[in-house]
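Below you'll find the structures, each written out as structure tokens.
Here come two complexes built around chain A, the first alongside chain B, the second alongside chain C.
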Partner chain A sequence: MSFEFRSLTLKNWLVYSEVKINFDAPDQKRNLIVFYGRNGFGKTSLLRALQFVFHGRLDHNELYNFLHDPQKNAGLSELAVTLEFLFDGQIHQLTRMATISPSGNAYNCSPSVKLIIDGHNQQDQIDDVIAKIIPKQTQQFVFFDGAEITRYSKRQHEDGVKEAIEQVLGIPAIRNLRDDLYTLIGKLEDEQADILSKQNIHTDLLQGKEEIEDLIASLETDKQTTSDRIKALRDALNKLQDEQIQVRLMEQDIRTLEEKEKRLADYEERLKEIESKIDEQIKSAPLRLLVNPIHNLLQQSEAKQRVSDKRALTQERKRIVEEILNDGNCICGRDIDDTATQVLENMLARIDVLVGQAGGKGDLAASEFTQLTRIHHDQQSKSAVATELISQKASINVKIDEVDADIRKLKESLKGHENASISDIYNQQADLENRLNMELKDQARIEMELDNAKRKSDDIQRKLDQSMTQTTQGDALKRTLLDTRNLHKAVSEYVEKLVKLKRIRIEEITTEIFLSITNKPDEYAGVTVEADYTLQVYRKDGSIVENEKLSSGEKEVLAYSFITALNLSTEIPAPFVMDTPFGHLDATHRNQLLDSLPRLGVQVLLLATDRDLPPVERDRIEPFILQEYEIIRDQKNARSIINPA
Partner chain B sequence: MIHLEPNDRLFISEDLIGFADEITKQGTVPRRIDLMFLGFGYAIANKLALPTDVKKHQLIQVAAIDKDTLLATEAVAQWYAKEIELGEVKDEKALLDLICFIGIAGIRALQDRWKNKGKSQIQFDILGMGVE
Partner chain C sequence: MNKQDKENALLEETLAKFGVSLQLYEKTLYEEKKRVHMQRRRNITDELRHIIEQQASKDDVK
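This part shows the complex of A and B:
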């Protein structure tokens, strides 16, 4: 069994004058039919046409608004949308049309609908047939646009959404059977009471039964109220758990802040030490500036010392020459002659010159020389320390700036939450848990009382049934009543089971699709579908992601996963029509959603702008594309045309 | 070598008092006398010309200066006098004047060098000078 569109024909519909689009049947490999068109060229007009042909209940003005613009002043006009499709093995040709003519300042519209199934004109109950194909409430799961899709990811559904979902799942039909059986039981019991009262027997039993049924009704109400309170308490507890996670994260931030502040204090202490050393270095800087002059003067002093030693030697030589001249004898004992005397006197003169040259007092005492040598040596080694201090101070200042920036950022993020305390949340949690336990005890008590009351009611009923066997009519009624009750019980259990199974199935498919598309597959673990069909994403650690905290793109992915799951849960899944579905999505989400489309196994009509499907992405999904159409604008004639791309 | 008289006081020129106060108040240089010795070292390293007209403003006594700085300053001043051909320093008074005049020449140059610079920048400059 399948559901496939075969062709769509439009006449004077919005931007289109006359257009027919043929759709190929999807095979196992290719199921995507893509329409490319810029904004305003007519993508949404196609979506509206499909919505109109199935469930077009438009008033005169709306119909006029759907009329192709150039036709609006043409007097009598006809607009028509025809969809040919295969459903459950039969070819259906569904046409919805309207003739529109001006009438004074208003318009006369005559709408009509025609359905041909396998060549046979369907004369009546067309709406019932359509409702079986795509129920009105569920068309939102088949024809959807990106701009509206996110409403399914809300914490609470709008009115009618829950009913539409249950309609898709086929739950109302089974529920109706259960309700009908319950009504029948009531009628049979009334009949039974009639027979018994006519016989004037067991009036006390009948009265007792009435009382016990009132009690059961009252207990059922109490049970529902308690259930509601339990749900509210559980919701509040879940919310608190989320808060707890937030506060824990905050507490972690506070701890980080404290660590950073301690580190900052350490750095500042270190900076003080460095600055103190720098002060010392600055005090001794003048000496370091004198290193070179001291070096020079020490060298000169050494040189002077050497000259001084030489002078002492020369003076000794002078003394010897002077002695020889004074004695007139050579050291060998011979007399010196005039020539020798002359030579010695010349020598003495030269020595005097040398002594004079080497003259002048020494500048530095030996102790001063030693002291200056030490100072010179000390300052040379201190130069390296000074350089090191400069780089140390620069490095510690960078660290201080970094930690300071981190601290400011953390303080900013903690602003307004300074008083958040995990212990407050624990207290609230304990309080809620106490209340929940009390409510659960209350619920158990009510259920016990309800069981007792039902047992009593059954006892009375048994007694009444026994009395009924006394007449043939009563006996037959008793058996019917018994069968109906058993059937009702079985159907009630089946409804509960069915609802649960369907919900679990949808939950599984939604989770599978969501996890294949989400850009956080390592963080998210799945999606829960609640009893009211609202959705909740949960993480791998079990915590719930508040719907409000999901990004627009994530909400869209969540909603897409859900409605896809809903459609795939129906007996005959419908083709998907998606109008600009990637509005809020980042590249990862968009690509993964695109990848999921071929796996849906139904015909998919994708109405896309060039931004929705850039060439690279189009090439990637090319193996799955069945057909491609381009919507072109004929501006001269104010109409749009659809050509194969 | 001639040594300074312990009871004599070093001096700077009056026009430098404001700068010396500012730089010591900020904590850039601990004391005014440290600035004086920095100026002395800077002037020697850059062979700056000595000032001719100075209105003296007295600083601390020679006795308060640490021995290493004092000895190095006395020795280098006398060496420098010969280097720039001022001749031999005659006595303690002449040595005091020479040291202070060299210091003043240096402080004036530093005042110009450190114009528009903050404390850290000046300190980095001072520490860097020693390793030039």
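This part shows the complex of A and C:
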């Protein structure tokens, strides 16, 4: 049995005016049909056409919006999508169309649908056949879009997802059979009671049976309520365990915060000490404040020292002039006359003035100079201590700023959980476990009472059944009742086991596909499919990866693995239509997902941009490509066409 | 054993345990499936009863 698309014909559908695509039948080796197209060229229009042909119950306005080039075509036009496909050995031709004609200021749309199977019109079976092939709730498992599939990797499914999954697995029909058989048993028993009461047989038994049935119904309700409470308590315990992990991490942060706050207090203490030392320095050493003026003074003194050296030189000059005057001869050997003597005497007077200037009162005495130099050195050393203190102060301030920033960051991350404590969690856990144990005991008691009541009911029923053989009508009824009860028991047991079996199967396939695609094959060990079909990835050490912590790409891979597993678990797996499926995927994920497509064993229609399937990747999957099409945009006529690539 | 074989084996084993024929199960399930596909749940106990009684007469003839 197989399900393959054979052709798709579009008329006035979204970006297409007239297009027909033929699909080759996949074989063991090649199953990929690729459509290349840029954004806005019409890939999603193809996906929507396939969704429309199966489940396109659109209202008039929506139909108008799907019409290609409405302004040009709205005069009187027909919109139609026809899909030809092979299903269960028969060729099906499904057409959904609408004629759109103007009606005043609005448009009149007349939608219709046609189904031909192996050349025969099957108008009256359309809904049944479509529901059998791709039930509406399950179409997202066949036609999926990369941007939306991550919804299946959520920790909790949205409404209707569980039902859709079970629909794919064929579970609801069996469950309904079980429930309808139960209703039938009730009806047959009422009928039986009616026959017996008319004959006045075992009225006491009938009365007893009625009472016991009421008791069973009430116990069943109690059982369900208890079971719901147990589930809620278990969920709460699981949540608490998650919280426990979070709190453990938070406690670590709280400890770090406490340490940092202590360190901050220490730094602040040290800062105070340093500031106080600096204050002391300032108070106890006013001279220190004069370090710079003293320094200047010393520089001036040194300068004056140099001037005093100049004085010695001047005095030497004076001595020479005096010697010349005393000798009365010039150094050139000639006698000095009165005029020359006058000149020399004037020179001596000027030298005296100069010497007097150089050795004036403002000059520092040697002892004063030494004392000043000592003070200066002393103050310089004190100043070094102060400089060190100031540098320490600056360094402490930097550390305080750093610790303060860390504290602010930690406080932000702990907002609302400042008082989180593992002991609180333990207390809550103990309380929940206590309540859970009580509920479990209650459940065991209810089940025991239920078993007893059912046994009693069966005893009464046996006695009533025996009495039924007294009439032909009763005999036949007894037989029908017996057969119905046996069928009901068999179906009840089978459906429970079947659901489990299918879930395990989906879990195996999901794990297999996920591990073949994930870029962390050494870290992840598999995927668990829970009873409500939610998914959990677990690591090789057994720990669970919280779904919220998976990256967008990983969620996409997880959802893809699950959807694929679901499809492959159905009786007749459907072709996959994937619209730009690699949106969040890195190169490793994308390549491994591409590698997994040929192994699916069903026809795969890949609607890809050049980013989804670059030439290198395309060449790698070339051996599995059955057909390639290119979506081309005729911009002049504002329409798209599809050509073999 | 493939998935279908496993499911079939489970079904046969369960039906045998309660002495129910595969034919009866399939006929009643088919009746249910028709309703599921049509997405119109309605009471089909009369149809089920008819199938069960018919099957009982067939078994008696055998």
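Just a few scattered comments:
Following the convention adopted for this analysis, the second predicted complex is superposed on the first by the 438 of 645 C-alpha atoms of A that agree within 3 Å, B and C clash if a C-alpha of one lies under 4 Å from a C-alpha of the other, contacts with A are read in each partner's own complex, and residues count from 1 in each chain.
As a working rule, contacts are C-beta pairs under 8 Å (C-beta built on N, C-alpha and C of every residue); 3 or more make two chains touch, one makes a residue touch a chain.
Since the model is a prediction, treat every value here as computed from it, not as a measurement.
Using the contact criterion defined above for the overlaid structures, shared-chain residue A:Thr480 touches chain C, although it does not reach chain B.
When the shared chain is aligned, chain B comes close enough to touch A:Ala386, but chain C does not.
When both complexes are overlaid on chain A, the residue A:Asn434 reaches neither chain B nor chain C. Of the two partner chains placed by superposition, only chain C is touched by A:Pro135; chain B is not. When both complexes are overlaid on chain A, the residue A:Ile278 reaches chain B alone and has no touch with chain C. Put simply, chain B touches chain A in their complex at residues 1, 27-30, 34, 37-38, 40-42, 44-45, 68-69, 71-73, 75-76, 78-80, 120, 123-124, 126-131.
Touching chain B in their complex are the following residues of chain A: 278-279, 281-283, 285-294, 296-297, 300, 363-365, 368, 371-372, 375, 378-379, 382-384, 386-387, 389-390, 393. Chain C makes touch with chain A in their complex at residues 3-4, 6-7, 10-11, 14-15, 17-20, 24-25, 28-29, 32-39, 41, 43-45, 48-49, 52-53, 55-56. Interface residues of chain A facing chain C in the complex, by the touch rule stated above, are 127-128, 131-132, 135-136, 167, 172-174, 176-177, 180-181, 183-184, 187-188, 476, 479-480, 483-484, 486-487, 489-491, 493-494, 497-498, 501-502, 505, 569, 571.
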